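Going by the order they are written in, the chains are A, B, C and D; count residues from 1 in each one.
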Amino acid sequence: MSGNAFRRLRGDWLVRTLQFFLLLLAFLLFMGISRVFPFFPPPYRVLSAAGELISGGEINQHLLVTLYETLTGFLIAIILGIWIGLLLGVSRTLALIFEPIILSGYAIPKIIFLPLLMMIFGVGLNSKIANAALHAVFPVILNTLVGIREVNGIFLKVARSMNATRVQTFAKVYFPSMVPPVFAGMRIGLGFCFLGSLLAELFEAKMGLGFLVAHFYNLGQIAKMLAVILLVFLLTMMINAGMKAIENRLSRWRATWKS
Amino acid sequence: MEELISVKRVSKIFEDSGVNTGGSVEAVGKVDFQVRRGEFVSLLGPSGCGKSTLLDIVAGLEPPTSGEVLIAGQTVKGPHPKTAMVFQSMSVFPWRTALENVEFGIELKGMEKKARRERARQVTQLVGLAGFEDKYPSQLSGGMNQRLAIARALALDPEILLMDEPFGALDEQTRFLMGLELLRIWEETRKTILFVTHSIAEAIQLSDRVLVMSARPSVIREEIPILLPRPRTIETLTTEIATQIERRIWDILKVEAAKGMTPDGR
Amino acid sequence: MKKCWIFLTALVGLLTLSVPPPASAQLRTVKIALTSQENMDNLPYFVGMKAGFFKEVGINLEPSYFRGGGDVVRGVTTSATDLAGSAAPSAVFIAASKGEKIKVISSNVGQLLIVWVVKANSPYKSIKDLKGKKVGFSSPGSVTHTTIQAILKTEGMEKDVEIVRAGTPGENWTAVSNGVIDAGWHVSPAVYNLVSKGEARILITASNYIKDYTQSSVAAMEEVIEKNPDMIRNLLKARAKAIKFISENPDKTMSIWAEELKLPIEIIRLAYKDLPKGVYETASPKPESLLGAMREAIGAGGMKEPLDLKKVTDFRFLP
Amino acid sequence: MAVSERIKVKAGQAAALLLFLGVLEWLVRKRFVSVLVLSPPSAVAMKMLEDLQGRELWTSLQVTAMEFLLAALISFVVGSFFGIVFFRFRIIRSALEPLLLAFYSAPTILLYPVFLTLFGLGSPAVVSMAVVLGSIPIMVNVSVGLAGVEPIFVKLGRSLNAGPWLMFRKVMLPAATPTIFTGLRLGFTYALVAVIAVEFITFSGGLGKLVSWRYFLFDTEGLFSAIAFIILIASLMNRLLQRTEDRIRKRWT
């Protein structure tokens, strides 16, 4: 085994053990907290509650409702986001005026628009979908914009020198080079969508994982509440990992291009 | 051999609408020259003398401010079907495999897939990339990617190849070998080549005639025929005559290159 | 920009259509907004549904439970539901003062039955001990909000106690048990569960302070009333039958209530025994109790000046 | 950008804003949208003026400002400490980084009941959650900034045999400042977002609570006025941080 391979292996091994100890520490800390605060259940009760929720199927319809809100909001965010991104990418004046406004969108807590969305779309699912879309549209717009601007000038010159029509230029030059950045925007957008629908459910809802967290808190069933939060965190990690895998496959050439 | 390209009193002034410099930049002065069919002519000049702009004008990518360019007797309005261009920087599409890159031009023309694939395979072999058809540009060396760019141009079966310092980004040795490779392809395909470079050695190694250009605004200072036997090899390029020609070109360029050294001259 | 507006309006249209309301065969579905499930205000509706009184008059009642009096009213004004079965009058008046065309069409619970509880082992013996502490209520403009402010005012303590929005009775009790607030509001029957188990102790009984008060009312938007007066008349008729049923067959009522709230029958028996006579009404609330609610709503900062009662009530449909 | 172009952009933005408000005003005036869903901008503007004179806005602003400053300070201290630890001990960084990034993308706000119980209702819970969200970007950027210092500078420092502390203060820190400042900007921005979001969800005082409170009181104009103030404050702070960062970057690179 060559020198650095060995060192890398040793490094990984060390990292793994450190992570294990940190996890153990967290576990003990959690146990400690549950002693100090009677309100807090010990970790194993949370894990068994999680198991119960899944096997008992109590969580299924809530999971479906949240996923329905997230995915619908995601669809709207993509259509709206890419459309606005293209609009700004094409026209310089629009970009000069609206890009700073969209950039400051990140600094504004978007949850304050939830009451407005509830007044417009009612207390049902539509306001959750709207909130999810509102949270996700910003990264999609900005990454689409980046995608257009990053198209290499030389490629456009090549296309022009070969008399490519506007449609051909878009399909064969713009589109392929925009796929990776736009997809990255969609991955971030999906995370925000999930956040948006959960927050809306937390505020006022009848169904959904966000509602479940508030509901169990109201009933004082803290083990179940923490179990739902744990499941939500795992779900986010899975969604993120899945999208990252697709993204790497989509820009297979890009990964090698960068190395 | 009839005249294929004729450039008549072409000049180019960029109305710089940008805010920083303001005013206009005269890139190309008054330029006249012709290229006969099958000839290998190079445009040699100091960096920033507007030779690439001139090539863009011949290729129809840039309209001249005055004068005109005729290809096979027709005035050039836009990219001419009879010409194909090869650029300096990495101009192959990283998301396409080598073969797909070569097909790009004929794909745009709408050539049917089977014929297109066959043509592309043939040209890929011609430029010596057989066996690399399915590799991505990121998996190929700089030299191989430039061969791809040449193959992409050749696939269009143009009469004229317009090459803008295609080997500029390569190291000395690879550049010389790519030069020999280009000459082999040129002899095999009998194309007419207009080649832009800032390297005297490369101009001498490759061309029948060298048009030495002045600093900006560029004009043709002198036209120097390269009376060296073909095919060009290390021996022919190190003969007494070759070094004489080199010294003569260097005398002209020394003055022009100095102009480019002042801070504002780009 | 024009293209963008067309796109957006089309998009909003698409959205609202995406969740079509379910239609049932011959019964007319009526979506009713009720306060949180564990609240005694909802008993007439549980009984009406289980005993089939609503079905008799051709109504398939579909309840959706909201966290506080204010939320119930918003469930009606955003037309997510057809009418409110247990809406806080103060919230109705606040909404009306802002221009919402919502009207009280009947009383639901004519007296004030809410209480504030503390942990059984807590040091608080009387309301005076809550100085500098935190007390919970449901949501702004609701009965609990307006009442606690009135009580603190009569005790001259409104500056020394921090009142905190803590949502439903369940939420309030969770907050009390983990020390987020010191006293939380609660209401029969769930409160008996906590008291009998020795976990909680009642510290403040609202009815000791405020006599005439309509705790919750039946309210609907003017538009809904004009469009289907028969539905309103039938609903109130069925509701009146349910109320008669509650007082005439205690055992069946208690079993319905226990099953609906999944609480042990002994707790429900305690709660039922404690219900004052004629607590549930199908009548026009006494004007002074409505005015009381309006006075508290102004006190809570929900509205500036009082409204003309005639404009916010419509008792034409009472049986 | 030249001055003339910057003015043109500002004018364009002002025009776009006025057009947007004008359309809203028209929509409400012409009854396309009920006045209870969308208050006409003119009414909102009046309410904003009223708020400026009233006490409610200022007390809320005071609470939010205090919570934000506290959260920003703690995030800075916590973030820089862990950032330096991550830089010095590469093992710890590779061990903790996946966890941190997962934490960062996950909806941490859902943990508000946990923070409510640990830290109690009101400012403590708000500040603690804001610190969690605010310190992560600082941590990451401090460690990345220090790691990204040009090796030549490090060699130069070592050649002048500067001690570790001197090396850190005189070479590493100045070189890493642009990246570190980006971390601070992101950290402070997310801290402010977290403060207002948690106030909104837990009703625990400040501008966030003002919005949800007025929603429940059917005070639509008040709601829009509170939202407008939050947008103003958040984008003002964001522009301020952005401008300072640009100035730093211009001087450095």
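Going forward, contacts are C-beta pairs under 8 Å (C-beta built on N, C-alpha and C of every residue); 3 or more make two chains touch, one makes a residue touch a chain.
Since we're looking at a predicted model, the values are computed, not measured.
*Asks:* State the chain with the largest centre-to-centre distance from chain B, centres being mean CA positions.
*Replies:* Using the mean of the C-alpha atoms as each chain's centre, the farthest one from chain B is C.
*Asks:* Count the C-beta pairs in contact for every pair of chains, then give the pair with the highest total.
*Replies:* A-D
*Asks:* Could you name the chain whose CA centroid falls nearest to the centroid of all protein CA atoms?
*Replies:* Of all chains shown, the one whose C-alpha centroid lies nearest the global centroid is A.
*Asks:* In angstrom, rounded to a whole number, how far apart do the mean CA points of chain A and chain B lie?
*Replies:* About 48 Å separates the centre of chain A from that of chain B.
*Asks:* Using mean CA coordinates as chain centres, what's the gap between chain C and chain D in Å?
*Replies:* About 39 Å, centre to centre.
*Asks:* In whole angstrom, what separates the CA-based centres of chain A and chain D?
*Replies:* From the centre of chain A to the centre of chain D is 19 Å.
*Asks:* Hey, how far is the Cα centre of chain B from the one of chain C, in Å?
*Replies:* It comes to 83 Å between the two C-alpha centres.
*Asks:* Which chain C residues reach two or more other chains?
*Replies:* 71, 74, 178-179
*Asks:* Identify all positions of chain D at which a residue touches two or more other chains, and write them in rising order.
*Replies:* 5, 36, 117, 220 - these are the residues of chain D that touch more than one other chain.
*Asks:* Could you list which residues of chain B touch at least two other chains?
*Replies:* Answer for chain B, listing residues that touch two or more other chains: there are none.
*Asks:* Name, in rising order, each residue of chain A that touches chain C in their complex.
*Replies:* 37, 39, 72, 76, 80, 83, 118-126, 129-130, 204, 206, 217-220
*Asks:* Going by the contact rule at the top, pick out the chain C residues touching chain D in the complex.
*Replies:* Contacts found on chain C: 1, 5, 68, 70-71, 73-74, 77, 94-95, 97-100, 134, 139-141, 164-165, 175, 178-181, 301-302.
*Asks:* Going by the contact rule at the top, pick out the chain D residues touching chain A in the complex.
*Replies:* Per the touch definition, chain D meets chain A at residues 5, 8-9, 12-13, 16, 36-38, 91-92, 94-96, 99, 102, 105-107, 109-111, 113-114, 117-118, 189, 192-194, 196-197, 200-201, 208, 211-212, 215, 220, 223-224, 226-227, 230-231, 234-235, 237-239.
*Asks:* Please name which positions on chain C make contact with chain A in the complex.
*Replies:* The touching residues are 7, 11-12, 15-16, 18-19, 64-65, 67, 71, 74-75, 78-80, 167-168, 170-171, 173-174, 177-179.
*Asks:* Using the touch definition up top, name the residues of chain A that touch chain D in the complex.
*Replies:* Residues of chain A touching chain D: 11, 14-15, 18-19, 22, 33, 37, 39-40, 93, 96-98, 100-101, 104, 106-109, 111-116, 118-120, 191, 194-195, 198-199, 202-203, 210, 213, 217, 222, 225-226, 229, 232-233, 236-237, 240.
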